[in-house]
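The two complexes that follow have chain A in common; it is paired with chain B in the first and with chain C in the second.
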Partner chain A sequence: MVFDPITISLLLAAAIRLGAPMLLASLGELVSERTGVLNIGLEGIMLFGAFGAVFGLQLTGMPYAAVAFGALWGMLAVGVVAIAVASLRADQIVVGIGFNILALGATSLLRDMVLSPAFQSPSLRNVSSYRIPYFSELPIVGRAVFSQSPILYGAVIVAILFWIFFRHTRLGLIFRAVGEGASAADAAGISVTNIRFSAMLVTGIMTGIAGAYLTLVASGGVFVDNITGGRGYLAVAVVIFGRWHPIWVMLASILFGAADALQYQGQAIGLSISPPLLLMSPFLLALIAWVLVGKSKTGPSEIGIPFLRGQK
Partner chain B sequence: MTPISPGQSDNAASAGGSMADLMKRITGSNAFLVLMSFAVSMIIGLFILASLGVEPVEALRVMIKGAFGSRMAIGDTLAFMTPRLLAALAALIAIRCGFYNLGAEGQLQLGAIGAVLPATLLPPELGVLLMPISIVSGALFGAFWGLIPVLLKLWRGANEIIVTLMMNFIGIYLVKYLVQGPLQPHGSDFNMSAKIADGAILPVLVNGTRLHAGVLLALVVAVALWALLYHSTFGIRLRVAGLSPKTARLQGMPLSRLIVSSMLISGGVAGMAGAVEVLGVQYRLIDGFSSSLGFDGLAIALLGSLEPLGAVIVAIYFGAISSGTVALQSTLSIPAALALIMTGLPIIFLACIHGYRFLKGRPLWSSTL
Partner chain C sequence: MILLSLTRRHILALALGAAVLSTGPLVSPRAAYAADPVEVAALFTGSVTQGNWDVPGYAAFDKMVKKYSFKPSYIENATYEKAPAILRQLASRGVKMIICHSSGYSAAIQEIAKEFPDTQFVLYSYASSTGDLKNYTAWSLDWDQYGFVTGAVAAASSKNKHIAIISGEEIPSAKRAQEFTIKGAKSLVPDIQVDTVYTGSFSDVAKAKEIATGVIARGADVLLPSADLADVGTQQAADEEEAHTIGAYMDQSPAYPNAVITSTVLNFDKAYDEMGQLMTAGKLDGKVHTMDLSNEGWTLQKPFKHVDAKVEMDVFATMAKIAKGEIDVEK
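Coming up: the complex of A and B.
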């Protein structure tokens, strides 16, 4: 294996770049899970966001408008899941599984119907990176950390904001209360349905942007069928691996991004592992994470349980 | 999620009664709700077809003809049904025990690997003996893959939903790795293994169709699991453990052992699904051979009220949707993605109906996450 500053810098840059969609989606999922909703449908929502972004790019030609489109599509997609889960109390896992199958079919059909061929094959349009002055001149980490897409910087800021929100604000406390004891929160006059619904909307927006990032930044403005390839499921695992804490989730995302990056950068550092095994590595990492994190979990206690007034 | 058998309708006590009562009982039954979800999905599907510029009636005619119109069509429908039914049976036996096995997809990948190994590596002189050996080997590989999430749950408290989902992808990439490397014949550029020995091939049942003997295996497994669930002590315990782990524990049932056994069966049956697909349809291990059979199976299990008989009926419907959309694609060039939409929609509808009934105080499904 070769370890010179340039390859390490490239690997780090790729790890962060590929960790970003995971970070965005898992931060979104974190909000839902804190209120007691386990959103397996993340994969499908991300897929809709990814499609929406490329569709937006085709309509407007402006990358940032495309990101907004991705967010909007993510929000609409989550709206469907939220009506089923938060309002109608449908089983969260069942709806998630159904929604993911639906999303795979719907985005493929929509791609066929509305996307022009240029947006189905590689090209160079994407959201440009922004070099943070001074910091981007630092050796090794300079180019890797401080010369990324502005969306990534936004995600980091959001992570910190979420941390403050859940730790230091009254509304954050209410969100957590709904996840820890929905009946008690209900008795205290909090609308469990409204809180869960709004938490899921945040999840949808974040996951939609994650899908937009995946297509616009990580794959050059192209949508192909099943472009998410399990990243939505991974993001759910990242939240658990990061123990429902925004900052840990951020670090976990970069770790998973690094596993993802090895498939592109592995050759450069002289790592001769077959590509499918490298593609497998993030999922393997998630599994190992379970062995390590184990029973010491501190997650919301009512996760996955539909709320019914008067039932314990 | 704790399933309740369809017969156990909330109005079952008020037998007899007026016409209105009867209507209420019909509309409250599980089968009716499932039918409604399918009907609404079908209508939406026809709307999508109309928006694609296809005459809905014509499309429906092509689909039905493609699914049941000829001997070949029926053979195709049943061939499509076979792996999906096995995957569905795998999912339901685990979920009935309260273990949310979302990993049928991964377990059937392992099953395919397990079937291909003896079918390509053992001496072909073994002849037809290779077929049972390959199927059993596939089941064992699937069972092994199913055992890992249970052990992780019992040992480390790992959430089986996440673990089984992760293991799906590990299984998929394992197949990808094997067909690009160790199992790829020398000098071949295709991502597939060598062809299996003739003796391992599941024979075609009706000449001129793709229907193979795997369908009989699937039906036998369905009957076996029904008998196991409803006519054995193990089955009763398994259902109690699924409905109320607390009761099971208070009754002194060996809860861990029950979950482990149900997952061994579940993984084994899912492994058979993969094995049957390799030995009856593909004759090789091919990258991406499954096209989400495992998730289809999960969908079928849920739509079939987690009953073996329900799974058989819904699996035939899914087989018909598959062969019907193939016909749509070849005659009217409608994208096959429509089949995915027609799979996902009824699940969401049914879950919503059940959730709404739960909200109104008539629990049918409730989460035991």
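Coming up: the complex of A and C.
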């Protein structure tokens, strides 16, 4: 086993690329969770976004229009969850799990109905890679960090904007207030339902783009059934691992991506660890995150709790 | 509170309904019924419109039922754990022949077949025995030969003497396939380097692509995909990174013309036609029918692309020796 510069560069590049869908989805989930909504349906929303992006690509032949389609489908998908969770105050876990199962069947059916098996994807190079001048020439990190998809660069900017939003804006404070104490926010005249609904729409857009990234950037314009492969669940864990902080969430998603990348980079470089053990590493991290949520004091106080006026 | 509990019940019911609808096997609306009273059904693990295993399998099934005027139905996404219930349901309904298009159904057939002696159960892919059941007949591909030959093709085509096998989950059949692929590769190029990697998934295209990109960067110039739906990722990476690959089960060169050297082409039509023929004659015999190079069970697409003509000649010479028994891949 050799950790030479090529191996390190490949591992870093793979970690970032594999972490990207989780980064996009977890940034969206962060907004929901900050308002107290635990959106377990992320996996299903990502599936709809992935399908929507390929559908959009087939319709328009334009990669960026396809990304917009992915965002739109993600938003429409989350709308269903949001009506149940934010408006009808249904149990967030039950709805999320049910929605994920529904999405698996629905996207499979839609693929069968509207996606052409003979569809040849146009070139996706302009959406899959952009070399940042000068930086992309740097050794090791050049190709790994500065030759990624423009969507990924956009996600980094969104993470910074989210940090500013929650830390330094009045609306961000309102979002956080709803997650910390919905009844108090309601008493102060804030519409908890509207805030939670809006937050979920942001989740839908971001997760839809995550699905679009998965199909357009990572899979070359192909949609297959269950293409998300559990990434939505991992994104929920990434938010917890990142302690509900946008910048930490960004780093946590790279960590999860690295665990994912290590699965096969480890196999390829002859790391003497059993492949099944390597394959379970991201899910082991997710399990740790889920255990941590029980002990966390930094998360929103009312996460996962439906808001019912008059109840504490 | 009444409103709340009603709402919760409704949502629970919706979620459960969704679960039943989406996890249940999809009986395709396209199942068309002919007039012939003999009903024949087929089970597929995935969708018959996606991938490279169920698509040609369904095409052969469709051709066979039309030729022998059977009344057809087929079930997609029939996972192995659901197979016993599906088989029991179909046999109870009076289906006379049930074809299962994957080796993973073998256990379910052995469990159910004895309960329904009037129904013929047929498996296509791999079976070592039919458990002495008179109503269980199998068409078994010689996957050891298959692995050996694909390994030989990859090794003979590799300019860097470095190939990679990208498999899905680490299951016994995948490990065995890798073993024979390596054996075949070393039979033609003894000093070939073979990387073997599991993606851990049969549907994660992104992961397969990422892995393929990584092994190409390490010097592998011919990739052998063996992860079902996820193979698309391997083939894409080969196409984009100017490496080569081998199509599986059907001619895949139209999809990746820059990358595919050749494709294995399984003779689904022959196997399914034999099933129809024996069923019509009442001669399904409860035995294992081996499909290999000696009886045109499968072959490689010609001509080879992106390699010297000698590679094709060498590989077909090896295949001819295997067919005649001059090379025993098991040794």
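As a working rule, the second predicted complex is superposed on the first by the 284 of 312 C-alpha atoms of A that agree within 3 Å, B and C clash if a C-alpha of one lies under 4 Å from a C-alpha of the other, contacts with A are read in each partner's own complex, and residues count from 1 in each chain.
Criterion: a contact is a pair of C-beta atoms (placed from the backbone, for glycine too) under 8 Å apart; a residue touches a chain by one contact, two chains touch by 3 or more.
Keep in mind that this is a model prediction, so the values were computed, not measured.
> Once the two structures are overlaid on chain A, check if chain B and chain C clash or fit side by side.
Here chain B and chain C cannot both sit on chain A without a clash.
> Kindly classify A:Ala84 by the partners it touches after superposition: chain B alone (first), chain C alone (second), both, or neither?
Touch partners of A:Ala84: chain B and chain C.
> Does chain B (first) or chain C (second) touch A:Gln263, or do both, or does neither?
In the superposition, A:Gln263 contacts chain C only.
> Given the touch rule stated above, what does A:Ala106 touch, chain B (first), chain C (second), both, or neither?
Touch status of A:Ala106: both partners.
> Considering only touches as defined above, state whether A:Ile205 meets chain B (first), chain C (second), both or neither.
After superposing on A, A:Ile205 lies clear of both chain B and chain C.
> Where does A:Ala218 make contact in the superposed view: on chain B (first), on chain C (second), on both, or on neither?
After superposition on chain A, A:Ala218 lies in contact with chain C alone.
> Which of the two partners, first being chain B and second being chain C, lies in contact with A:Leu279: first, second, both, or neither?
It touches chain B and chain C both.
> Once the structures are superposed on A, label A:Tyr233 by its partner contacts, choosing first (chain B), second (chain C), both or neither.
It touches chain B, and chain C stays clear.
> Touching A:Ile93, do we find chain B (first), chain C (second), both, or neither?
A:Ile93: touches chain B, not chain C.
> So, does A:Leu24 touch the first partner chain B, the second partner chain C, both, or neither?
It touches nothing on chain B or chain C.
> Looking at the overlay, which bit of chain B runs into chain C, 40-48, 112-120, 184-192 or 238-246?
Comparing the options 40-48, 112-120, 184-192 or 238-246, the clashing one for chain B against chain C is 184-192.
> Take the contacts of chain A with chain B and those with chain C, and give the residues found in both.
Comparing the two interfaces on chain A, one with chain B and one with chain C, the shared residues are 84, 88-91, 94-95, 97-99, 101-106, 108-109, 112, 225, 275-276, 279, 308.
> Over in the complex, which chain C residues touch chain A? Could you list them?
4, 7-8, 11-12, 14-16, 18-19, 21-23, 26, 46-47, 49-51, 55, 77, 164, 170, 195-201, 203-207, 209-211, 213-215, 217-218, 229-230, 232-233, 236, 240, 255
> Residues of chain A touching chain C in their complex?
6, 10, 14, 17-18, 21, 84, 88-91, 94-95, 97-99, 101-106, 108-109, 111-112, 117, 120, 214, 218-220, 222, 224-227, 229, 260-261, 263-265, 267-268, 275-276, 279, 308
> Could you pull out which chain A residues touch chain B in their complex?
38, 40, 80, 83-85, 88-95, 97-106, 108-109, 112-113, 225, 230, 233-234, 236-237, 240, 274-277, 279-280, 283-284, 286-287, 290-291, 293-295, 297, 303-306, 308
> For a test of understanding, state which residues of chain B touch chain A in their complex under the given definition.
My answer: residues 1, 48, 52, 100, 102, 152, 156-159, 161-163, 165-170, 173-174, 176-177, 180-181, 292, 295-296, 298-299, 302, 335, 337-348, 350-352, 354-356, 358-359, 365-367, 369.
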